[in-house]
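Across the two complexes that follow, chain A remains constant while its partner is chain B and subsequently chain C.
On to the complex of A and B.
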């Protein structure tokens, strides 16, 4: 038993030793207090903002092709061939993100989501063009795992050799898009965009009760996180902001079957109409302007198209691009 | 191999199997997902679940016949289930073992001495079952409550709703995705308490609480094979009791109903006097459970009074909580309460995490039964999913087909299964109360044709006031003395109407400066300077179509009014409950 424990008188040496260790302890606590001291109160979380790069192929004029036919894959191949092949857009060594529309947990036959065959076909074409990695991603509205499973996109993409990225909280980063009104400090599904050279959007042509149509530009809505449904209060502005946020390499707008009613969810074959059209364009505004015709509309019926044109995002006069039109 | 080693291997195997079945209860077709794994097997092996549901619902649900195997084996072997199979028991045993690494043998012997309080579990068993004596025809009137304490059910509930979600928060992965469960805190507390009680007395739950153990003790009391001492008197060293899991006093007249067949005494006796066989037991055997007639009567009468008390709150009757939205396939509420054991299998398998254990706001009788909560979860209840109804081990959710759920094929005439109905809260809806376009609910409605329709309305924007045309108005309309925020009306939802003229004489505004408006097209006849203008906003105000709405809650989940949603589902008009119908002859 040490003298300390027995409560006996301390020797001077013991006393000094204790004094030093007490002093160090007190100094340590004070230093910790100093280290954490904050003279202002909480200021909220300041996070670095990032913006997305421009994914368009440099020094290439805008181009577009429209192919009529009932076979999606065939139409896609012909449409790309008409533009000089996927090789014109995807270079060897590129890493490609395919932004699909997997918004709802419904089977592909309901055409509410990108068709899995088309997704697989696009992945094949990217890989043939030399892409070293293809990522397929979306932040759907329904449960993500269920969406990728039921739409068939998950399996199709994996089988075609792509990586499927489902959203997780830590995959989002706040973004402020230059000139955008609504996408300010807003969480965006950023992980799939990291280390990516090219971005291709694949979406079906759908009726949309609020904005009139959901096509190529609206497809980027699936990159937004947070309580994004508040953007529906200003739907045309958010679609324009999405156009500002994402300048894709290419959009593939699938009008083989168009959801002409009950959009954007559909849910019945009677909501669909066979329109046998595949649109591939580097100008997403032009693609949507043509897509509108499949819904029996014109570009002027969709205010966001004019807003995108005025924002310099593309042309609503798709004819000015001299699109290659191939019939079935 | 020593018998004790065999028992340990067996326990570890069944524990891992249990965890595996919990993990595999996820929707999908990968090998580790729900594709034929008998994930309800432990519940089905449980004679208390079988007995309870037979007593309350008067049927033995498919799958629960497995319990017969347990019963038959117990009749011959004694409580092998407790000592060798039960994963909850294994957990308790492990806890007790870890906690007593440094406890002296004499102290362990004291801990493992029989206590009269071990009779409480028989009383609890009687209490849980005796409430079912109130009958209406062949079935019980009041709900089944065995699941509160049944070890298989309690463990399933705890693993499904607490441990796996906890693993998901720490280590999110495909099997253990992060999840919420509304009453997880309470369920977790009960689980933790059950585990920590092992620090007080080993296998506390098994000895004092477990109603399944009590039932098996009663069934196994005449077991021809049993643990016993082969010679009496012995040296009275009591080593046989140093690790006795059941506190069944193997030293003297062994209490068969308490013996868990842990077999520790066989290994611990230095003289090799303990045996598990059908031989004679010179010290004698106590096969009856140590519960007095008075205790039985108290438990019985207590339950007979308490079960009707549980229903006095009216939740199962006219006071039903409108938020009590049961999963698709749920049978009518009274039958549901007779069958649901609160195991949480439906909540675990639900791909969208929308099924939750009910808290006390749904009545004590319905505690931890499944209800849908649309603010939690990753989506509402998906119309293409029928997983929970096929997984329910006791038929509280009856298996429904997709055709029945969606009202297609042979179910065309009866219509889709309805879990409830969405109601607009016009005081909170942006389009109704705030003059703001939205219709997120309408867009997300998965029913075809949509169960939410919209009415188009043009409402004057009060802040814009009345504007006066200042000059020649073409596509650009100059305004006198206006001070508009540039771009304020550029969103495509704003229109401009001439006062006093035909209301159809309006044009869409595509942009504005401080003192002019840009229109998508000029007015049909150009308004003279001095004409008055109003700016209108185009609203689409949502309505719910009662006959189409199925109560899936996707609209509620997506509603941007994220606090108290502006569209909310209540159980009104649910298919399973004719007295909740909102329209006459809806299902005729």
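On to the complex of A and C.
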């Protein structure tokens, strides 16, 4: 062994020693990271994650109808008839979830929530189409029992033969939505979606201080749990995520009376405008794009609509669906 | 001299370096893809929730206002702090938070023997009177009818809106009926009587020239005025000039230097979005700058600590006319400063 060989060996030993100690240190840091990683969702529980199915009717092209008229129920019936009737979307034996907007404990005259007459009418049509069970649900912003009572939705739904499901802590499960940026391991009001074949969203057209509008896609916000108000900081992204989360069978967008100012709560009758329009569509992006016009806007004024289009959730060019337009 | 490392050592070292780069990139990616769920677990947040629950229990012992027998509480008062405000008013919360919201107490009242006739009383406590005026003015309804409860209060068919010192009150009825209207008025008056406040006698419209002014249009924009993040606490007012609507604005800053700097920053902001400085083409422009943007004219100037101007005037001449009058009014009220 030459002195050079001895130096090289020493250096190699040093290198290996350092390599091993670095490796041990890195392994220790990784183990600590793994130890500290919080696997709980925003509910604080470690429930297994679930994902939501696609509730669209298979092999059906997107369709849309727009009916102008002052009578909500009549408009809804005509809008559905123009698309082939509720039976095109709800088959005999189906279990249907009607996701209403019961966000606030306010009276129906404020148009801040789904109108009880419309909810009752939709339940009736689902049952006529052969639905064996209709569930009405929402996770409101205010106290759930007060919301369903004061909006009139609870009573209307029960009288029409639907089951009203109020949120309870155990009804939530964490979900992560594929390609979503914000809905990851986030608690969702999952119980009403269990054993459900079809999902129909019913929402009013409203101004929204943060997003510019609250319509069909924003309505799914009422399925989120946890401290969801944090999402207002990135409102357009969360609405896009909601669109990714829920692919409904149908949306019913009620523009009979539109909240054109001070939304989403409004408060004064002067925040409302009669716009006498009912929109029914299987494409919720197209429905919202048309709904924007009732607020005196275009789809481009609402950034979330473009984001939804780019995410492949539907079209913001509602005319491309050749909507059936009926006047009173 | 150390021997040159062998291929094996170099390979191992490069692999480790590469691994570290991948780990660093992974950490950066995860950080950029922040999951807001963690916010929910902040101890400060949890503590505030608990203290509000305690406050709720205390508040529930006392009604928001004590009213005569025919108006009775429909439930206990609810209390919401800044972090819970969205639990009550959802997407409208940022409007209040940006204006200095501190606490909301709300309670429902019903009329005895009149089924379905109830109203909800919202008492927003803001940091100061300016904050209360900001949320009041930003939501002013077109059919507002002054009701004389305070200097800044009005009613609509089913609601009552009042600024009382640093309180902003909203009373919203389930139906548009006279008995409910009267009950809400009574409740608002009772609140005003039972809550003594320091009322600043400042007229929010004092700096606007009175001719052509729509007094009901005076609004305080608490933040992000005209889409510019640096522009806050801006008072705006609509004028009717030559059959056209033109908006004037004034904002009091800390000192003249800040007003001047903000005017310059706002001008830069306008130009960044396609605005063209046409000041040189307007010979009669006494001070400030005129920017043409999207077929409208924006006049911006400063006078002492005031940033002022005209927003989106349809014609340059209208912007100039109103701008001159506005400058003269500010000089009249706050003498000793020249427009710049």
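Assume the second predicted complex is superposed on the first by the 281 of 328 C-alpha atoms of A that agree within 3 Å, B and C clash if a C-alpha of one lies under 4 Å from a C-alpha of the other, contacts with A are read in each partner's own complex, and residues count from 1 in each chain.
Throughout what follows, contacts are C-beta pairs under 8 Å (C-beta built on N, C-alpha and C of every residue); 3 or more make two chains touch, one makes a residue touch a chain.
Computed from a predicted structure; not experimentally measured.
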Q. Looking at the overlay, what does A:194 touch: chain B (first), chain C (second), both, or neither?
A. neither
Q.
One more residue to check, A:271. First (chain B), second (chain C), both or neither?
A. both
Q: Check the residue A:144 against both partner chains and state whether it touches chain B (first), chain C (second), both, or neither.
A: first
Q) If you stack the two complexes on chain A, which partner ends up touching A:232: first (chain B), second (chain C), both, or neither? A) both
Q.
After the superposition on A, what does A:184 contact: first (chain B), second (chain C), both or neither?
A. second
Q. Thinking of the overlay built on chain A, is A:87 touched by chain B (first), by chain C (second), by both, or by neither?
A. neither
Q) Is A:304 in contact with chain B, with chain C, with both, or with neither (first, second, both, neither)? A) first
Q. Between chain B (first) and chain C (second), which does A:109 come into contact with in this model arrangement: first, second, both, or neither?
A. second
Q) Thinking of the overlay built on chain A, is A:22 touched by chain B (first), by chain C (second), by both, or by neither? A) second
(Q) On chain A, which stretch or stretches are contacted by chain B in one complex as well as by chain C in the other? (A) 104, 106-107, 141-142, 146, 150, 181, 208-210, 227, 229-230, 232-233, 235, 261-265, 267-268, 270-271
Q: Going by the contact rule at the top, pick out the chain B residues touching chain A in the complex.
A: 27-28, 172, 174, 177, 351-353, 377-379, 382-385, 430, 436-440, 442-450, 454, 487, 490-493, 508, 510-511, 520, 540, 554, 558-560, 562
**Q.** Contacting residues of chain C [partner chain A, same complex]
**A.** 2-3, 5-6, 9, 12, 16, 33, 35-41, 45, 75, 86-95, 120, 139, 141-144, 156-159, 161, 170, 172-176
**Q.** In the complex with chain C, residue positions of chain A that touch it
**A.** 4, 7-8, 11-12, 15, 19, 22, 38, 41-42, 44, 103-104, 106-107, 109-110, 141-142, 146, 150, 181-182, 184-186, 208-211, 214, 226-227, 229-233, 235, 261-265, 267-271
Q.
Residue numbers of chain A touching chain B in their complex, please.
A. 104-107, 141-146, 149-150, 168, 181, 208-210, 227, 229-230, 232-237, 261-268, 270-271, 300, 303-304, 306-307, 310
